[in-house]
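Chain IDs A, B, C and D follow the sequence of writing; residue 1 opens each chain.
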Amino acid sequence: MMESQPSIAFWLLAIVILTSGFMVVSLRNIFHCALNLIMCLFSVAGIFILLGAEFLAAAQVLIYVGAVAILMIFAIMLTSEISNRRIVQTTENKSVALFISVIFALSSVFLIMGTKIWRMSDQALPENNTLTIGKYLMTEYMLPFEVVSVLLLAAMIGAIVLARKEAS
Amino acid sequence: MDFPILSTLVLFPIVGMVAVMLLPKDAHGAIRWTAVGFSLPPMVLSIWLVFDYFANFAAAGTMAYMEGPFEWIPSLNIQYLMGADGISIPMLALTGLLTTLSLIASFGIKVRVKEFFAFFLLLEAGMMGVFCALDFFLFYVFWEIMLVPMYFLIGIWGGPQKEYAAIKFFLYTLFGSIFMLVAILIMYFTSEPHSLSILTLMDHGPTLTHTLQLVCFCFFFIAFAIKVPVWPFHTWLPDAHVQAPTAVSVILAGVLLKMGTYAMLRINWPMFPDALRTLGFWIAVLGVIGIIYGALVSLAQKDLKKLVAYSSVSHMGYCMLALGAFSSVTAIAGCMFQMISHGLITSALFLLVGVIYDRAHTREIAAFGGLGSKLPIYTGIMVFFSMAALGLPGMSGFVSEFMIFVGAFGALNKVLVGIAVLGVVLGAAYMLRMVQNVFLGEFNLARWGDLTDINGRELVTVIPLIILTLFIGIYPKPLVILMNGTLEHLIGLMSR
Amino acid sequence: MTENAYLIFLLPLLSFMMIVFFLRWKEKIAAGYSIITILISWMMSIWVLLETIARHGVAHEAFYKFVEFKSFSLELGILVDPLTAVMLVVVTTVGACVEIYSLGYMHGDPRFSRFYAYLSLFLFSMLGLVLANNFFMIFIFWELVGLTSYLLIGFWFEKKSAADACKKAFITTRVGDLGFLVGLMMLITYAGTLNYGELFELVGAGAIPATILTIAAIGVFCGAVGKSAQFPLHVWLPDAMEGPTPVSALIHAATMVAAGVYLVARSMTLFVGSADASMVVAIIGLTTSLLAATIAITQVDIKRILAYSTVSQLGYMIMALGLYGYDTAMGHHSPGYYAGTFHLMTHAFFKALLFLGAGSVIHAVHTNDIREMGGLLPKLKITAPTFMIASLSIAGIFPLAGFWSKDEIVAATVHHPIFYILTLAIAFMTAFYMWRLCFMVFFGKPRDQHRFEHAHESPKNMSYPLIFLAFLSVCAGWVGIPWLSHGFASFAYHGEPYHPHFSFLNAFIASAVALSGIGLAYLMYYKKSISAEKIGAMIRPLYLGSYNKWYFDEIYQFIIIDPLMSFARFMWSFDARGVDGVVNGTARLTMLWSDLKMWFDKWIVDGAVNGAGWLVTQLGNLLRLIQTGKAQSYALFMGAMIVAIGFWKYESTFVEGAWPKMTIIVAICAIVLAILGRLIPQETASPEEDK
Amino acid sequence: MFPYLALAAILFSIGIYGVMTRRNVIGILMSLELMFNAVNINLVTFNKFIIADGLSGQLFAVFVIVVAAAEAVVGLAIVLLIYRNWRGIKSDYVNVMKW
């Protein structure tokens, strides 16, 4: 059994994640949302570190914060009038969505809390995280890795095709 | 087998109608003359019938020229049965003559010429049929057939309110026809064996119970009274007359109104003598109301044609008064005379009103004045017929009125007839008021300066009527002889 | 000749037809033709008269069946008896004079030949009326003279007054004819015949009940009242003066208006059978005579004075006839019948002369108003003397024609004091107004110098008839001189011949009255020693009443014509609203009923069908609210369902034997919230948002 | 372990909420990223506390990140396309599924 109680860092990170995550879905200004998203993703990277997944945390920062979030900001810049405060940013589903997500959250939390049957492992994670992942990717997870790369290629081509302006 | 004269009278106009329909639409001249041409043989034939009947059958007053009975719908015992006697022969002649004259008078029709003349010939066929039919089914068919062309003639070629007038006329008459149909069915189902022959049912009618006779009598009476029109069923008449084109007014006044009185004499009166005795007085009362009422309303009219139309109500009131005095041959003969003379005089008045309307495009009495100095011949003819209408001696109207009064005075309540005589003065009043306002007085040269006198074609339509009016007025004896036998026979039936 | 008497009245008809059909545009020939035919008729009439005198009143009848039934027949026939013969001569004489006179009077009129046609038609009708042998025939011609009177009064129909007058004349006389017609119907119903001979025989035998006879007689008299312009139907005659003056002379003085008198004389047997009816006749005659005389005194239109004089004289005759009927019914002898018919004849001559003379005067000065005339005697060398002869005659001065006939009328009233006094009063007034007229027209100073200077004597064809009639006005009365054994009295009589006894007292009184009337007129209008104006002012109400004809026209307008016209208009509106309203109302009700049924059909029957569809549509609409087509909405429901499924799984696993409440609550809440979310207004979208 | 899982659950719920409510398509994409992250947190947590002998959880997370990146690329391309077609990127525009 590892430490059952998380550290202070976790709580701080959790508060930041939830706050910024909530900001992402509720702020009017989509640009601020994107900034909050970056904040949130950073914090998730911190959580990863707490959980002993350094490689993942790095990947998180690089890919999410460095690529996806920036991409998003570009898209926002390209499309929306970010500064217009009067733009309605929520749909008419707000109430029911709130209701459902709260129920979902509560029931999930209670479910997690009420579940006593976890077969907890007493082992520790491998020390060299990045190395191990690299090994796995080249050996056991070779095929998924290749498939994912093909997927990325397809996504790239698809994105180009989609976003390209019509010739005429 | 003799030559089927009566069927020819009915069928010839239908052949004419088909012929007119086959002509090209724009050949107006051809259409007109074809129509007139096809109306001539029935006219000649019907007038020949008068002489033939006079020579061969008048003394006995029998039903002549019988055709049939031929089985038509054997399962219902419906027959094709036609015949004519002393009361239908003059009506046939009147129909033939007036149709031809009206056709000549409607040469001025400019729109949808072909349809007009076709409808007119169909109308003639229906009228002829009504005066010939001796089977209820046949009678009813002809009675209804006429409505159709009449409806279209008023509704298409009429005045500003033609649709209203046409529908009113159509529905009103149809309303009456339903009563007639019910009465016919009562007669049919109570007779044994079931029969629709008028001649057969003539003997069946008096055997019915009193109540049933009354019911049948009233039903028939309503149907015919609407056609006559007896007061208070008369209101379709001014509308229809005023809105209808001239020729249709002529036929309406000259023949259609007579069908009501003819049918009463032919069917209603002899078939239900008991009911007649009960109701005769009240029918005379209706007649007197009609006389006075029609005359008074005429007195207040501003429209020339409406005046003539209401004078028809008054004049047909004389017929009803005479029919109320059913026990007197004089009165019934007077009724026949009045039918004929009204047919001649009122038709002529309508023709003449049409003549002035064609020229001036207004019929308002107040709009004219002093036409006598500009249109001397027209004025002369119009004054002639006005005098005839108010019952001046020497013209047919006087003979009929005198006979009716004398007959009714002997057979009915004296006071009632005394009141009816007032109609003579009122008749003079409205006719002379019209004559004064239209023909006498100062002539409005600025407005009517370019009116032209009556032309040759119009004279042709009026002159036969003048001659007949004068002839009947001066020498009514032949007509009396023509009808007397039949009338005696009918009165014998009525007094059963 | 008597056998062919029908030619007398058919000749003018021939003339009428010739003019209408062939001679319309040949004025001279038309007039000549017409005059020749009437002259032939005149000669034949005289022949007939001579034959009748020779036979001493033997009637001749000829028949022509008009209408024949088993029960009765109407026929036309000729009856020539002394009365007829006299009337024939009177009518043809005056007719011929008038036709010749009209040559000059109507000269230059645009409807010259038509005038002669009408005159011929009138003469035809009048002669037919006189010759008729039954009431039916007399009624026919009775109406025909009414027609020609109508046509001739309205001859100058451009004048509104003429147009009004002709209508008034026709309708007013027709009111009288109404009674005539009723009387005829009574007779034909109760006696079964209209033939004079047969009818009078039945009446004489007492076959007709007295009441019926009275009503019938009064009915017949109604006709006479209309035609002879008796009170209360006298109003048309003065207006009828709008016609050309020869017409006034012929129709409205000498012949047609006398037809009423002729009718009463002709049907005298009826009146003799009913004393009541006779008394009515006498009273009406007297009233008329008095009324007309009082009116005539103050009139200023020369023709109207003569018209009222005519009415007055006709009343005289009627009164005489009525008194004869009454006296005879009471069993006394009376000269009334003889007096009436005698006066009828003489009056025809001198009144025709007066009218023709008046026409000549009017022709000369072109006005009808006697206040604009005066001193015309030297200018009108023929007209003035003849006119004055006629005036003397009508006043009843010995030995002119009027003296003899008027004397007999006075004699007829001797046994009835009231009648006697009033008759004398009327005689006085007659003399007065006639000579008032003469003095104002022919003597004194010209009141209108311009008119005076242009006055001239009429042409010869106008003056010869005047001379001829003047001769008759003087001499015609001599046939009735009482000492003559075969005079008028023993020629034209009813019942048994009457032999007048000349009473010098009567003659003296009558002459004195007439002379005093003339004297008063002389003093007032020639000498001016009595001022007419002063007397007029003294009895101003009477003067005004007389001047305005006792307001009869106004009263009739107010009492009869206006109410009748308003009633007629009311009837018309009643017809349009009431009777026709019922018809149209029925139609409208039917329409309403069918509308109701259509409503029922549309909303109830069809409504059930449509309602099912509507329900489905509404449900669909409700569901449409959550069927937005947006991925997000679908995601929402996916989420909701996932939650619900989760709950269901949980509940079905762990909560036994119970409904999956939470699932249902969640699902329903989700759906309700989703729908509500669509219905609650959202944040307002900015305008630029939805570009 | 429990706080990690709870954090992931709540974050996931927030993501769900965002997906359902954001009107801006980019907002939806961002919410999706949140959900991916919640999933990743879960994967990494389970990896740490339950199957600590391997790194399969983390590897999964890696793949998720990659797929998420691809998704973001394609998604944003679609966003641009939407923008071009509707002159806006409101998700309301894209309701063509209704027909």
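Operating definition for what follows: a contact is a pair of C-beta atoms (placed from the backbone, for glycine too) under 8 Å apart; a residue touches a chain by one contact, two chains touch by 3 or more.
Source: prediction; values computed, not measured.
Student: Is the C-beta contact count larger for B-C or for A-D?
Tutor: Ranking B-C and A-D by C-beta contacts puts A-D first.
Student: Distance from the CA centroid of subunit B to that of subunit C, rounded to the nearest Å?
Tutor: The separation of the two C-alpha centroids amounts to 30 Å.
Student: In whole angstrom, how far does the Cα centroid of subunit A sit from the Cα centroid of subunit D?
Tutor: Roughly 6 Å separates the two chain centres.
Student: Using Cα averages as centroids, what's the distance between subunit B and subunit D in whole Å?
Tutor: That pair's centroid distance is 99 Å.
Student: Taking the mean of the CA coordinates per chain, how far is subunit C from subunit D in Å?
Tutor: So the centre of subunit C lies 115 Å away from the centre of subunit D.
Student: Would you mind listing the residues of subunit D that make contact with two or more other chains?
Tutor: 16, 20-22, 91-92 - these are the residues of subunit D that touch more than one other chain.
Student: Quick one: which residues in subunit C touch 2 or more of the other chains?
Tutor: Where subunit C meets two or more other chains at a single residue, that happens at 630, 632, 636, 639, 689.
Student: Quick check on subunit B: which residues sit in contact with 2+ other chains?
Tutor: Nothing qualifies.
Student: Based on which chains are in contact, what kind of graph results: line, ring, star, complete or other?
Tutor: If you draw each chain as a dot and join those that touch, the picture is no line, ring, star or complete graph.
Student: For this structure, give each pair of chains that are touching.
Tutor: The set of touching chain pairs is A-C, A-D, B-C, C-D.
Student: Tell me, which parts of subunit C touch subunit B in their complex?
Tutor: 65-72, 74, 136, 139-141, 143-144, 147, 150, 154, 157-158, 160, 162-164, 166-167, 170-171, 174-175, 177-178, 181-182, 184-186, 188-189, 564-565, 567-569, 571-572, 575, 579-580, 582-583, 587
Student: Going by the contact rule set out above, which residues of subunit A touch subunit C in the complex?
Tutor: Residues in contact with subunit C: 84, 86-88, 90-97, 99-101, 103-104, 107.
Student: Note which residues of subunit B are touching subunit C in the complex, please.
Tutor: 168, 171-172, 231-232, 234-236, 293, 296-297, 299-301, 329-330, 333, 370, 372-373, 387, 392-394, 398-399, 402-403, 405-406, 409-410, 414, 417-418, 421-422, 424-425, 428-429, 432-433, 435-436, 439-443, 475-477, 480-481, 484, 488
Student: Where on subunit D does subunit C make contact in their complex?
Tutor: 16, 19-22, 28, 87-88, 90-92, 94-99
Student: For the complex, give me every residue of subunit D touching subunit A.
Tutor: Residue positions touching the partner: 1-7, 9-18, 20-24, 26-27, 29-31, 33-34, 37, 40-41, 44-45, 47-53, 55, 58-59, 61-63, 65-74, 76-81, 83-84, 89, 91-92.
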